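Two complexes follow with chain A in common, the first pairing it with chain B and the second with chain C.
So, the complex of A and B:
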């Protein structure tokens, strides 16, 4: 019987592999092995070298991304269009590698001083980054799912990295259980999509969905797929894991989750919406509209009440997720489909800079104060004016104050929503505007501590910030400032106007 | 908007059907089965070994490590058997890809070996 099936399959030809396009992934795979084996063979005294090596692996993986961008082909397709390297994928790969590099800088001292398993940590982080880099190119349900698991499973372990700390264990277990639940919901929806359209390739699913009215199973499938990914981007009402996981996990890992993992979820959401569901606007738009409104409102209102800085940043990142969802809620209406992808990508890039920066300040300050309370930032201006200045940049940028990056990001999002020009879009813009004002309140509360309050314990010895953390602060502060002053850098970035074309529509 | 409500009505029906089905299965079996609980039936494993000690017993962590290591070979087998059945069809390309796959899986084994996890005690 097997022989008969094989005979039907016909001649098999090896897929053509574009080695240049796959180079970032291949370099990461080689780098993962390198870090793993070198870590196994060196003594405890030289483990610090692992962070440096990981940094070099990430920079090496960045090189082919740059060369591919310089060559500037519209797109390179492999495996029958299931794995595509185009401008969209390259920009996202660059964001992921950059975020990972900054997180390595932030985690180096934390891991060394805690005596945690350094080599293993970087191996897992590189695996997670590999999944994200793959996600940017995936154009097929199966490869999206594989990339999602590859980026999530190491993340579950990284959340529980301080294994003797009960809170960190709780963070890992919560993230794991809810993440697995979300994966199951996502797979359930994907199985319906495959069952009703007969293909796992996003473009083909899109063609089948466009060919007629949606049947009930397809509506359920789209709702389930979006709900599954809403867990990953911690959209309300699927956000309940986020604050506890963010608080319990080591701070650099929290920075990694709140920026990179979240961005990967948005990438999957964008690929699905623009390639597989572009005609199902009646199904995905209202669902994402509701998610976006709930996410930004609940995130903001909860953030107002927090006294712990990491929990506050956790809820703030939930509410920022709501802003990133906004363009997707109008992605199929009027002129908005042109600018929605650009708005999301620009927001993800700027959000990466400012949020990582805020976490870097928290790491630098809590090294001295050994506290996570917002009040522990009191007197920062007195004993560390430089740190107070960069904290002001990040908080003001997160709040969306004009000369900084966060303003450009929010401006783009609002512009896209207004472009859509429908009643629902205007309502969304008004709700978002109110939320921006609410958000400013809790960001400013931190700044009030930094600039006006005295140090809570009267300890005004200067901060001893290690060089890697200073480097991370420098990169993120410069990124936030430059993108705010020269927004043209990102607005012409890869001519994202062409993106919907490059995505195969 | 009515289109939206009609679309999502299917999602609601779907959820209701799931709840109804589970309720029906549990309800019917609860209604028709005889219920005569006794001490012997309530202990764990009705027809197995009698439980000894408390619920919070400690077990040897090494079993867990070996179970995880078993997964390496298990996953390997799942992918290698279909490939081996058609080894000629996939030619040199298939061989190289499969070797890369095996090397990546062996990473896990080498890691466990170097960390001393393969030694009992």
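So, the complex of A and C:
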């Protein structure tokens, strides 16, 4: 028996592992264990150090991303092309790490003052980030699924972090049940894909799908996979968990979900569409077209009626998701395929800045007002002009007003859709334009409170914003402004042929 | 013979699956799940995937369902639930329509696909070739996903401990943004 096993050892060749390319993931894994271990061994009084440590882990993971980008060789493939580190993956990894860093800054004081568990929170968040970083490089159904679970399962628990609040428990349970259901639908579709194409590798699936007419089961498979991921990006009609979860979860966690988890869902969607289904335009384009239209319209109409700022931002994030879906709905038509990837990535980056910023303002203001109502922002300009100014930046940017970042993001999306040049694309552009106007209404309503209304209870003591939140506000405000004024910084992504080249095989 | 095994195993899977949903008592539902998982194991044997069949029985039918039963009994929900309350009246008919629709959709797709699908390579019936293929796949092509799955265990352990532990201290005024 033993001899037989030893004899087989000769045939075994270990997979080639590019340690440099894997370094961000490895640093995160080490960091997860480090945070967990140190958290167990320090006293209650020094738990604040965990946030700092988590920040350093994220920065350390950022270093190899930067060095890989500086070296700049087109792409590093591992495991027979199942795990690819190219510019596309590096940009997304950078976005995820940056978002996580800002969320750590935002959550530090919330957790400390609320008396919540801190070390474990950061462990779970790092695990979630690991899943996202892995998702950016995954080019295989198995690793996409593992990455998706790795980023969602910690998120279910983070949603329920305020354990003594019923709404937070509800948020966690709802997110968990619907998330698991979505995973099951996704997995069902993936099993069909594997069964009918004989491979889990995205590129090979793409080749098989391109080689002939789609058979019925492949059509069902693609529809199921897209529906499963639509849950993750909270696209209508799969959005029903989002408002309740966003409202019930702690505010920094909501910011994390509405930016990072959503972006990870879009990354999976992009990898699948551009690598596995590029020829199945007849299936995914109409599907995503409908999703995009419903998402932006329903999200906007619901957002108009909200009086709670977090719920409003939740619906606004649903509706922004519709805009991010737009380029994917025309990804296979005309000249759009090249610019669609860029439009989505640029939107994700700018959306990350402005949405995180809006949540940071909400955290800073609600520390004083203890309220989540939009009316509680009344008189903000009077007692905190700086905060009013940054809130204006974020709201105006979310509404898409030039010269802020949100405008560039929306402009790119529209340009891609117009590039496609089909009738459906023009219809989509018109619907999106109408929606942009509707969206402006509820963002402006917040600004009206900030600038015109008096403080609701006449309380005009200045805000005491803690330093980490100020830092988060600074990073996001500068990001939103700079990307709006100097869009060349990110639009240059599109000139890197490998961004789309790597995807286009 | 092969057809007979297929029909019996599929019958087990379907009866078990319907049982999971239809049974009133959660313990019975869990037992229905055992039946389903055994049926899948029989399918694996019929397809020469002996290792998977063994794993299916040991891990799923053995460990996981036992865990289910444990939880059901610990939580004391081993009695029938009253399911007649209906908060949204349209829910149930809608669920039936969507369920039937999905079955018809997938069924039609399978029937139309029947002849066009390419057969995969035959597995060797004898020896341990199955395990070897699986191991090769797991430890070369999928090794990263396999290793990172272990991080999920950290998540599961840390999360379970946290979710079941009492909240450490209460600071009621500093609760949150809502309300």
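Convention: the second predicted complex is superposed on the first by the 489 of 505 C-alpha atoms of A that agree within 3 Å, B and C clash if a C-alpha of one lies under 4 Å from a C-alpha of the other, contacts with A are read in each partner's own complex, and residues count from 1 in each chain.
Going forward, a contact is a pair of C-beta atoms (placed from the backbone, for glycine too) under 8 Å apart; a residue touches a chain by one contact, two chains touch by 3 or more.
Every value quoted in this text rests on a predicted model; they were computed, and no experiment measured them.
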**Request:** In the superposition on chain A, see if there is space for chain B and chain C together, and answer fit or clash.
**Result:** clash
**Request:** Using the superposition described at the top, determine whether chain B or chain C touches more residues of chain A.
**Result:** C
**Asked** Where does A:163 make contact in the superposed view: on chain B (first), on chain C (second), on both, or on neither?
**Response** second
**Message:** By the touch definition at the top of the document, which applies to A:371: first (chain B), second (chain C), both, or neither?
**Reply:** second
**Message:** Quick check for you: in the superposed arrangement, does A:36 touch first (chain B), second (chain C), both or neither?
**Reply:** both
**Asked** Of the partners chain B and chain C, which touch A:117 in the superposed model: first, second, both, neither?
**Response** second
**Message:** One more residue to check, A:282. First (chain B), second (chain C), both or neither?
**Reply:** first
**Request:** Applying the touch criterion given at the start, work out whether A:90 contacts chain B, chain C, both or neither, answering first, second, both or neither.
**Result:** neither
**Request:** Go through the superposed model and pick first if A:214 touches only chain B, second if only chain C, both, or neither.
**Result:** first
**Message:** Tell me the contact category for A:251 with respect to chain B and chain C: first, second, both or neither.
**Reply:** second
**Asked** A:14 contacts which: chain B (first), chain C (second), both, neither?
**Response** both
**Asked** Out of 8-16, 26-34, 98-106 or 116-124, where does chain C run into chain B after the fit?
**Response** 98-106
**Message:** Identify the residues of chain A that lie in both the chain B contact region and the chain C contact region.
**Reply:** 12, 14, 29, 33, 36, 216, 219-220
**Message:** Show me the residue ranges of chain A that touch chain B in the complex, using the header's touch definition.
**Reply:** 2, 6, 12, 14, 29, 33, 36-37, 40-41, 214, 216, 219-220, 223, 282-283, 286-287
**Message:** Quick check: in the complex, which residue numbers of chain A touch chain C?
**Reply:** 8, 12-15, 22, 25, 29, 32-33, 36, 78-80, 82-83, 113-115, 117, 120, 123-124, 127, 130, 134, 140, 142-143, 146-147, 149-150, 153-154, 157, 160, 162-165, 167, 195-196, 198, 215-217, 219-220, 247-248, 250-251, 308-310, 362-363, 366, 370-372
**chain B residues within the chain A interface of the complex** = 3-4, 7-8, 10-11, 13-14, 85-86, 89-91, 93-94, 104, 107, 110-111, 114-115
**Prompt:** If you look only at chain C, which of its residues touch chain A in the complex?
**Reply:** 105-106, 108-110, 112-113, 116-118, 120, 132, 136, 139-145, 148-149, 151-152, 154-156, 158-159, 161-163, 167-171, 173-179
